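Heads up, there are several structures right after this.
You will see subunit A twice below: alongside subunit B first, and alongside subunit C after that.
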Partner chain A sequence: MAIEHANHVALSLQEQLPIWLIVIPFITAPLILLLGNKQLAWLLSFVATGISLFISILLSLHLKSGGVISYHIGGWAPPIGIEYRIDATNALILLLISSIGTVVLPYAYKSVNSEINPKHHTLFYACYMLCFTGLMGIVITGDAFNIFVFLEISSLATYVLVAMGAYKDKRALTAAYDYLILGTIGATFFVIGIGFLYMATGTLNLVDLAERISSQGLNRTIRAGFGFIVIGLGLKIAIMPLHLWLPKAYTFAPSAVTVFLSATATKASMYVLLKFLFSIYHPSFAFEENTILIIFMPLAIATMFLASIVAIFQTNLKRMLAYSSIGQIGYLLLGASLMNSMGLTATLVHMFNHGITKALLFMGAGILALKVGKVSYENIAGLGRSMPLTAAAMVVGGLSLIGVPGTAGFISKWLLIQAAFANGWWQISLLIVVSSLLSVVYVWRFIEILYIAPNNKMGTKTEASASMLIPMWILAFACLFFGFFTDLTLGTAQTAAENLLSLPNSVLQTTLGDGS
Partner chain B sequence: MTWEFIAGHMNYWLFIVLMLTGLYIVIAKGNLLKKIVGLNVFQVSVFMMYISIGKVTGGTAPIFPYDATGHIKLDSEILYSNPLPHVLILTAIVVGVATTSLGLALVVRIREDYGTIEEDEIVDAEQAIAAKEHEDQEPWLV
Partner chain C sequence: MIGISTAILCSILMPLVGILGNLVLRNSINLRDSFTFLVSVLTFGSVFTVFILSGGVQNEELSLFMVLPNLDIAFKVEPLGLLFALVASGLWMLTHLYGIGYMRGNNEARQAQFFAFFCLAIFAVMGICFAANMFTLFLFYEILTLSTYPLVAHKGDPLSVSGARVYLGILLGTSIVFLLTGLIWTYALVGHLDFVAGGILNGKIAVGLLPILLGLYAFGIGKAALMPLHRWLPAAMVAPTPVSALLHAVAVVKAGVFTMLKVGVYIFGIDFLAESGASQWLIWLAAISIILASIFALMQNNLKKRLAYSTVSQLSYVTLAMALATPMAAMGGGMHIAMHAFGKIALFMCAGAIYVVTKKTDVSELSGLGRKMPITFIIFAIASFSIIGLPPFGGSWPKFLLILGAVDTGYFSIIAVLMISSLLNVAYLLPIVGRGFFVKSKDGLDLKLIHEAPLLCWLPAAIAAGTCLLLFFYAGLIQDFLRPFAQGSI
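== the complex of A and B ==
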């Protein structure tokens, strides 16, 4: 039969890299279950994340100065087929997720041993790999429905991972339940939004969506879709009034899980939100500009302040860090709502920098939790003197969280302040500085308790083992390194911001008529 | 708004009713099991919306026959309906089943550890734990 076949060209190994990034960790998960051995499970996960990290580094070096890699799943060309589309923006986020995913594993081995029911250790690594795959998938894919599928893969795995904290504290179960309810509502809202967009445009490919939305102009369906997508992703990111699941989930999840999630999960959803805000819908649509200025910016500022103030009054280290994470989401949102390329660069750099900073701090909290059980300030008092290496790394993390010059946190906050000035909004810059002062208070509070407060009742503890300290110090050095050498982060983020803001030529020439 | 418009969009009205019913159950009910039921109704409503998009009045399945020369024969007379939303919803149904089963498993575990699946009793139990261990109360502000 003379059926027309698409020309099938065998791809070289190198051209297959994008799919390997997803397939390798994905296959590892069932493999771990089949083998059923804890040590082997750890080794396989480490190898799989390591390979993903290696591929991400290759891709981000390749894309640092611009360009796009488009991979067609099964040889079906977009917009019909699913496309994996990598540019500088998601290469940066992929790099963040895969590097944190790799660094967490050596740390996790000891932490998992003590914090999770021994029966569930193998399952833990399987879920971890699924969560990792899901997060990578959210970021890499160029298909709107595919984002939803990966979002749910990562979320379902996350609920299980959080619930595993029940071995130590049964409140992990209700934390996971709350997260499941809110997370599912969020994902369903997102999929309703995608449905509206599909209804109005007849496509699911993100690039195609952007072109069709701007060529056909806005209508009520597209605007309703925008609302659903923003609320749905807002729940996943934990933007201020939608953040209620986060503190409990981060506090009661096993330490290794918290480290991984705090650095990656909200960032992946944030990336999707940025993609929708700036690439698919365009900020020059009046309704979107109003949404950003009237809703996002006040929320971002409120998040920065309220969450930081609540963090100051916490007496549990993990819960304090969870609230500080919410506060940092405020900075991410603020950078995006400044709507200039510098603000967007600041958001992207801060996603990366805050990822490594918060992972470092939660690692410290996890090490302390291993020694004293619950990381209330009462229990950890004075441990800085007997565990100098752990505490010193945490100080580095704390400084980066505040944004002291010489640390990664400074770079992103400095950019954010500059971006606000670029818009002529000096008041915003002032607010950023003031909210950073709030973080000085909560960071100083735990540093003081670690070093200066009298010893806790449980007496001194010995220093943590090397398998936990090394990952922690890798992140600590990364915090310092990216505070001095900003080529990789800043350079990529600048290209990335331009990518997000640029539209296909056909789009720019069309007058952006809106139906409002 | 004419009667034809209202009756012709019956699927969409039902979608809205089901969606809001589901969401209301999730928010208003204190029983963890009932919340899962509400979540299910909410998710199913979305399936309904997607499948409604795929339906074209008078449309038929998009199966293209080959003509004698082996080329796809397209008949512009025939109206084809779009199969893609159905396929998407197959995936979403699988996701929904996974979410429900995981939610139910969590409810079982909560019942084992707390002895109740009523939200207010669980909150009381957790406050008792927090008070015993001198933890902070949940901040009222955020």
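== the complex of A and C ==
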């Protein structure tokens, strides 16, 4: 969009939106520590994430039908300076992260009070804001090294957040430690890959990288970079067999942390992977096409089945949901490995839809955890009768996880199968529907336990408080809403998929403000 | 002045009001049950208004919103759907009265929850009836599966839980694996899923693949209980009898065969099916299903399971009608949906009435009960005659039309199948009546305490059975009404 020079002053506030998205939550973190007051910390976080959400909504409405916003940090023009670059693809992910980040906070207040050492409450909110900033940063930035920086910000904050679960269960410490080791390996691989790319091309700007790779062609350095980047990100996304950190981390982290991470953390890394797979490298490279078809697609299918089968045999609700998350990553990867715009659209829509679905389910698990401690199936048996509102919302989430029509999950499944048909690969679509039967089994297992099994030993429990139920039901309604009204998700994802697949030199260059 | 669209929306949304009523009034029993009855009357009234206003045909469809490109939630009046809606909502009124008698007579737990899910199921059925495209139909089809699951599992004992698992597993599983795949495949070929007279697939698909796509639909519509995917229906008999009566003799199973007919007529198109011969295998499968299920019915000692297998067999008549792919057979199939509904619901209501009074569930225990409960057993006999297809009862017409359809297509062996099936019907239904009246009970003592069933249990059954008689004489009206559907000239 072109901006008249005369309007420059009037529009300057709007021009700064991209940087505000990052700076506001980033500044909030140290501010919280300095103030040292729990209530104030919560309020500040809520306001900061709320502002980010508002900005994300503005941006995604603006970019839904196409276009790019490029923001130059400090007025340094790319490729020398760092560029924030927003198009429909990351606008959708930014929207997901900021909306989950906001909606988790009211829920977190109660859950933090009971699950985290009172001395660490302000620290929790500070880390939460850092994690939030990091994830937003990963997605918004157009600079490869900057991705690494934000990845580390979010990861370091996450290790602390997971470890805070130790107040309730000491095993959170080993979970955080495992995650720390594997996460660091992942980040290191990623930065090595970036190093190779810099060596080969002399640039870190993503657009520039894409152009130079496509113009200079392949060499061994660029291929090696590809390998390191994919494996590094694979660790962060938890693609099987690089998933070992995830179930433990999700099970033992404080509930609010699990809700936030399950919906956003793997999705942000997934976005970066898609960016590298489709925009920076391009599937027209034979080696990449082979990698995708020979490595990714079988891995995706194996993940779909194996993780779901493992989920069926879990007896702890949080662990079950964690394995189900790994299984869903299989769907995301499968959509991408179909290598057509429809498959990519399905992946992007599913990132969003699964984000809200899984956040909803983990919220439910967190509420139950507050009542009974450990959410093993024995402990939660029969709670559906005494906590009807919590359980009903979880049923909505479960149905969306299965992909029953009328829920968000159905839309993504439909698109995925349709994408497989578009390639003429009916075998793949058969595998998708068969694997979703597995989700029927693990979802129905907990629904039966909530409603039909005889009451647990601990007796009946009272319904959760409004501050936890309202965020949960907002997500439940979102699950239903996006099952019917797909304009926002599908519309944005279609534009996004085309953006990702378009060749680098045809990328539309639009500049909005130079930050000076 | 109410428009057709408003009346359609009223018919679909009215049952939801019933859910609300059951939630709000859950503790004032009489008020709650009368309110739900009022809702059922209003639902029937709305459907009847649609009937009066449209006469069965509507040109404009009522599109609410688009979910995916060319896939919208839309409703439209169409003769077969309207007939089904009239039957389902009409029988809902009867079943609700019966349900009050049954649930109170048995002191069942959680009645408000029971009636609320019942309303939800009717909501789904209404949505299926008026769906203007396969996408909308699929949405309501799944809601119907999910809303009836708690009804099947209502008792909560291990037997009903495992029965409900089979129920959900088969219905949800087939609909996801086969039906959804079939839908998306069709959508990928055609670009939309609207119901269009004459079908939408002609010329869009290689004829060699057509039987496979038909198979995806035939097995995907698990509610039609085509063998070998019929096991959910006997499993669902663990539910309280009102559920078996309305849902598993009328609403759910008829939703299945209704969908089957709709797919045959409006997605494939009967001419296209007939020309391509894609449905030949389905004719034989349906025929096998008819005979085998009848034989299974003979072997059941549990009364409700025997009726369930009878339903499996009768449902395959409709599948057969679709597979024969002639206007005459399609007409017979459509008519069978209505005729079988009245007969079978009466049978189930009698079975429930016997259970309420005697707590007996097995055929072998019924000796001598006929003389103690003559009204119940006479109703049972009348309904049996209609199911068998004896004149002067409504059930005779669809069989007649099906035979004509078989003659049209030259499948003379199908006529033999229908005849054998009628004989088997006689063999598994009439001995029940005979045993009631003519066999002396061995344990004569406890019979003294047995008396006729409560009014609310037998009166609805009597009305349903009486309707069977009426329908014999008024079948011509239904035939005229369904003609545009069968000839695909809407």
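Some observations on this one:
By our rule, the second predicted complex is superposed on the first by the 492 of 516 C-alpha atoms of A that agree within 3 Å, B and C clash if a C-alpha of one lies under 4 Å from a C-alpha of the other, contacts with A are read in each partner's own complex, and residues count from 1 in each chain.
The definition used in the following text is that contacts are C-beta pairs under 8 Å (C-beta built on N, C-alpha and C of every residue); 3 or more make two chains touch, one makes a residue touch a chain.
Everything numeric in this text was worked out from a predicted model, so none of it was measured.
Contacts of A:Val404 after superposition on the shared chain: subunit C is touched, whereas subunit B is not.
In the superposed model, A:Gln418 makes contact with subunit C only, not with subunit B. Within the superposed three-chain model, A:Val191 lies in touch with subunit B and out of touch with subunit C [touch as defined at top].
Touch criterion not met for A:Leu261: it reaches neither subunit B nor subunit C. In the superposition on chain A, A:Arg171 makes contact with subunit B only, not with subunit C.
Shared-chain residue A:Ala29: touches no atom of subunit B or subunit C. In the superposed pair of complexes, A:Leu437 makes contact with subunit C only, with no contact to subunit B.
By the touch criterion defined above, A:Glu378 reaches subunit B but does not reach subunit C. Shared interface residues of subunit A (contacting subunit B in one complex, subunit C in the other): none.
Within the complex, the subunit A residues that touch subunit B are 1-4, 145, 148-149, 152, 156, 159-160, 163, 166, 170-171, 173-174, 176-177, 180-181, 184-185, 187-188, 191-192, 195, 198-199, 202, 204, 240, 243, 306-307, 309-310, 313-316, 319, 323, 326, 374, 376, 378.
Residues of subunit C touching subunit A in their complex: 65, 67-68, 73, 138-139, 142-143, 146, 150, 153, 156, 161, 165, 168-169, 172-173, 176-177, 180-181, 184-185, 187-188. Residues 399, 402-406, 411, 413-415, 417-418, 421-422, 426, 429-430, 433-434, 436-437, 440, 444, 448, 451-452, 483-486, 490 of subunit A are the ones touching subunit C in the complex. By the touch rule above, subunit B contacts subunit A in their complex via residues 19, 23, 26, 32, 35, 39, 42-43, 46, 49-50, 53, 66, 69-72, 82, 84-85, 88, 91-92, 95, 98-99, 102-103, 106-107, 109-110, 113-114, 122, 126, 129, 133-136, 139, 141-142.
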